[in-house]
Amino acid sequence: MISNKFKKQRSFPLTMVSEEEKRKPVHDIKLIKDMKVSELMKEFSNSGFQTHNVSVASDIIKSMVDDNATIFLSFTSNISASGIRGIIIDLVKRKKVHALVVSSGALDEDIARAKIPYLQGEFEADDTALGKKGINRMGNLFVPNKCYEYLEENISEILNKIYSGSKELTTTELLKQIGLNLHTEDSFVYHAARNDIPIFCPGLIDGAVGLQLSFFQQTHPDFKVNELKSAMEAIDVAMTAKKKGKVGAVILGGGIAKHHTIISNIIGGGLDYAIYVNSSSPYHGSLSGATTSEAKSWGKIGENAKDVTIYGDASVVFPLLIASNNYFFE
Amino acid sequence: MISNKFKKQRSFPLTMVSEEEKRKPVHDIKLIKDMKVSELMKEFSNSGFQTHNVSVASDIIKSMVDDNATIFLSFTSNISASGIRGIIIDLVKRKKVHALVVSSGALDEDIARAKIPYLQGEFEADDTALGKKGINRMGNLFVPNKCYEYLEENISEILNKIYSGSKELTTTELLKQIGLNLHTEDSFVYHAARNDIPIFCPGLIDGAVGLQLSFFQQTHPDFKVNELKSAMEAIDVAMTAKKKGKVGAVILGGGIAKHHTIISNIIGGGLDYAIYVNSSSPYHGSLSGATTSEAKSWGKIGENAKDVTIYGDASVVFPLLIASNNYFFE
Amino acid sequence: MISNKFKKQRSFPLTMVSEEEKRKPVHDIKLIKDMKVSELMKEFSNSGFQTHNVSVASDIIKSMVDDNATIFLSFTSNISASGIRGIIIDLVKRKKVHALVVSSGALDEDIARAKIPYLQGEFEADDTALGKKGINRMGNLFVPNKCYEYLEENISEILNKIYSGSKELTTTELLKQIGLNLHTEDSFVYHAARNDIPIFCPGLIDGAVGLQLSFFQQTHPDFKVNELKSAMEAIDVAMTAKKKGKVGAVILGGGIAKHHTIISNIIGGGLDYAIYVNSSSPYHGSLSGATTSEAKSWGKIGENAKDVTIYGDASVVFPLLIASNNYFFE
Amino acid sequence: MISNKFKKQRSFPLTMVSEEEKRKPVHDIKLIKDMKVSELMKEFSNSGFQTHNVSVASDIIKSMVDDNATIFLSFTSNISASGIRGIIIDLVKRKKVHALVVSSGALDEDIARAKIPYLQGEFEADDTALGKKGINRMGNLFVPNKCYEYLEENISEILNKIYSGSKELTTTELLKQIGLNLHTEDSFVYHAARNDIPIFCPGLIDGAVGLQLSFFQQTHPDFKVNELKSAMEAIDVAMTAKKKGKVGAVILGGGIAKHHTIISNIIGGGLDYAIYVNSSSPYHGSLSGATTSEAKSWGKIGENAKDVTIYGDASVVFPLLIASNNYFFE
């Protein structure tokens, strides 16, 4: 009879005792009324799939803080365009992170939103019609042209001011000067400047701020941004931090901001803590989809690091990571 | 000079006033100490990307509850294997949902975990070595063979009992009988049976419970499960609910459980509320990646329904949806 | 100077000779005029990422054929709704595969398309408006209601014929009878019936054919489909094949069709060859995203099997796999 | 009886005739022996899902060529690390594309592979162990440290040579000089330099070549790379091309290379042809997952452009696009 064969097939010698003993059981999540995010995070820890990874990340953040680690926060334009920027402004304002590594778009959105807000929209839209109305779409956010016009005027004015003081700066120095000259507190660039938190932006030229810089240089040919030196500054921050203690990174999304964070940490010996929040898959070989494990082969993350790769939407995951750690509100 | 051309290019006639007036601004998220999940959810509502969709789903759940809608909850084996099962048991125990639509694996994991727990493991594992140790992997969960052996013995015993009372049942009747005969409260099948919450399982034969049924029938050829009639029962539940009021569905994951929920609601005129949590993309044409919008063309979701498709990991998203609604804890 | 430190950091003891010796180099792809798919596939073999996996799959298919393996082909509704059905009809007609495992939707689309064609559409559409025009959307395909009405009439007529001959059938017997009674050759159900290729459909009731069966049973209560017995038939085919030689499976997409193929092969000792084409990620724990490696822990794929998981769109990948193997055209 | 209700429900007024008339039917794919890629592409055109999009892209390429459009080719490090580089070298060598826009990693891999090959590996690997053996993993490719050491020595030598001739260059000028001084023809940088095809690399500093530049500048402080001016060069190429005729782009993957291609085309009025091959989803708001439709709202792609977004692995899709167009081999 097949049933017996079936059972026999499944009854491998049950020597798995050790396996069971050394592993934690899956624990059913228990929700309660008026539950705190920190309580939910505890429930996530033994639940499986990405709940598990999210809770590992929350624990890694706790360890970074306990270790007084230097924390790099890396993110992309969409993070800066969305409500997540509020969390970043708050972290920067209260010096809870120590270096920012961003794509050029992340700068643009921070500055462009300072006066005129972005709008809630839909993923499905008549994009040509939107464009004619002066609206640019970014996922389900609508970005009015007016926001960019504000950025263009603002940056142009600030560049004149900066130029009167200095003709050559690194990207990091430039972004500090821009931050110091912004008229609004509603910006992480503003607060990073005041709190001496360096902003590294390795692809500066690829955005609206970058274009203003290029236009400005056309009429002021002696104005220079020394990006090569900026790369050394990022390495220096990482190496100096490493000499003082541990270095960690929370990396939201992919692309150049992600890569620059980890490449800047190679020479110092690799990150001690690393959290990736990826919306890409590792199976196509892109850096955006690459895992923290892969980074260990490159020495970008240390071999004894605490690290986790979360597969999910950073806009959902990052608030959970921060709201579950009371440290950030002390 | 290029700068002017650039500005000109971007300065579309600024007739977007109406667009701006009718749309809500993107709002920066503000996190606070000891924040509640419900408070976080409010912050999500104007943030963008999937935070927005998650908050829309939370609002839809509120509306379902306010409307006393009949709620279908649909899920797959991974949900049942993970800690999310705890939430489902709780919802079923307290009659907060009214029908379950599941894949066969979801039944299997519910029953198999009742005595011996599943284990926390890793996505990366030597799967052949694991298998030899009597461990089956499901993502980052490890499932001991012993759990399935418990299920096999348990179901086999229960089938003998059921057979002594009745030779032919629908799937729904069978699952109720199984639930009534389970020895443990640690199971949604157990509580669904006691609370008259029907379980629809359109692919019953494709799993461990199904195999036990097939084996049992080999030695008891007059034992029959009438699945065709089960399909009518699901339609009847949906139509009866529709006559009384509104019908909603929360669908975690894809496959047959998802499809059966929505197809069962066509004849009644389509769901009034629908939440999908998808980890698949819509661009390959799979039902698992299909959107709530697509379902409207089929009449599976009503044209005036409130609906949202969330792109994310159901194990992270679903706890947020439930923990943010105090109704579930009253 | 930092440069030396950097070099030092990177100059691990170069004991990797053995690693290099045992591994093949990445080879640049060379395209030529009027290139054949089979020639392209050869170029893919040393290219990396999913090109590599696609070429491994093509080689596994060659091995299956050389070994005279029994081949299970598993697929979902979208495959059947798209042009890929043409390849499947051809493989079935010419007996190049030996068992089909499908979702109920795959049956539906095969039969519904036989008289009135599906239409090319867009992923982005006003779905409510489409629905009102009698069009159902499936990704970028538009499915006219008329197609389903044709199916309903056709199946209803055929069921009357079948019923006059037999009151109880397994799913597999039923699908054979349906195939024998179809009026058109433009169907894999038609050719499978004539070529004694069994069709396993474990979730039969969850679709348009299934609904017709349920409706039919309402007026003919002694009409029965014994799905439990169908599950044993799938196991029997797998075990019988295993006694004769090797067993392989090509699995396009996920869900119940995928799972039923592999669970039916456990008792026989696991598949000897397995190709998955997944559009889902493994990181959310779904069966649809599960890898061939994971299946080895369950014994669904044998420990010495040749297997590969391709991450991609089956509608693009499958034609490449078949067109690159001349065997299928002999 | 339910059956009638069901039919009634489905029988929307059949006014869809116009819908059907204006749309092409789904056409079953027919494979033949020794099929050419170009023949397969024709079969793809009416098949659905991503086969359809791939065939649309192939047609767009034909149109670009017929129009004598200026073609931008944009790609990321993984493309350059894999066999796809062979196709790119060939296109550049034969002047079939007119500008390259790349991430810094794409440069690195091109140069690093010139002497010592990369190796075929596995996605699943003990990354720490690999690192100790001097191997860096990129998906399923293994990159020996030796390759990077070769790059470092090579670039360092070339920089000395360049420096003796000129102290300040744009990125584009620099990459041309590097290309002219490479010792090997096995490189797209080499052939681009000789064929006056500009390479735009907006995030130059974020990679191994970039680090060598930074190190070099430490000891040669008067050595400058003017990236701001490079941004204007990209805009100039796009605008000049636009004055002469049409401009198109084939964009493989995401990140800064993708964005720089499209932002450089805004001022000229947007791309006339655009093909994206994305492995990311649009639902998380990342630029990498953004669609060609979204780009139209920004004016990055013209409102009358021919465009398509393919969801798939660029390493599989790109060879199909090129091999199906005989033009590339004339």
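The first chain written gets the first letter, and so on, giving A, B, C and D; residue counts start at 1 in each chain.
Note that a residue touches a chain if its C-beta (ideal position, glycine included) is under 8 Å from a C-beta of that chain, and two chains touch if they have at least 3 such contacts.
Being a predicted model, the structure only gives us computed values, none of them experimental.
Of the pairs listed in A-C, A-B or B-C, the one whose interface repeats that of A-D, with over half of its contact pairs matching by residue number, is B-C.
Set side by side, B-D and C-D show the greater C-beta contact count at C-D.
Centre-to-centre spacing of chain B and chain D amounts to 39 Å, using the average Cα coordinate of each chain.
Our note on geometry: chain B versus chain C, Cα centroid distance of 25 Å, whole angstroms.
The geometric centre of chain C is 31 Å away from that of chain D, both derived from CA atoms. Residue positions 2, 6, 10, 48-50, 78, 81-82, 124, 131-132, 135, 139-141, 211, 218, 232, 281, 283-285, 293, 299, 311, 313, 315 of chain C are each in touch with at least two other chains. For chain B in complex with chain C, the touching residues are 76-78, 81-82, 103-105, 123, 125, 127-128, 130-132, 135-141, 202-207, 210-211, 213-214, 217-218, 223-232, 253-256, 259-260, 263, 279-290, 293-299, 303, 313-315. Of all residues in chain B, only 1-3, 6-7, 10-16, 19-20, 23-38, 40, 43-44, 46-54, 78, 81-87, 89-90, 113, 117-121, 124, 131-135, 139-142, 144-146, 148-149, 152, 186, 211, 215, 218-219, 293, 311-313, 315-317, 319-320, 322-323, 326, 328-330 touch chain A in the complex they form. Interface residues of chain D, counted against chain B in their complex, comprise 2, 5-6, 9-10, 48-50, 124, 232, 235, 266-267, 269, 281, 283-285, 299, 311.
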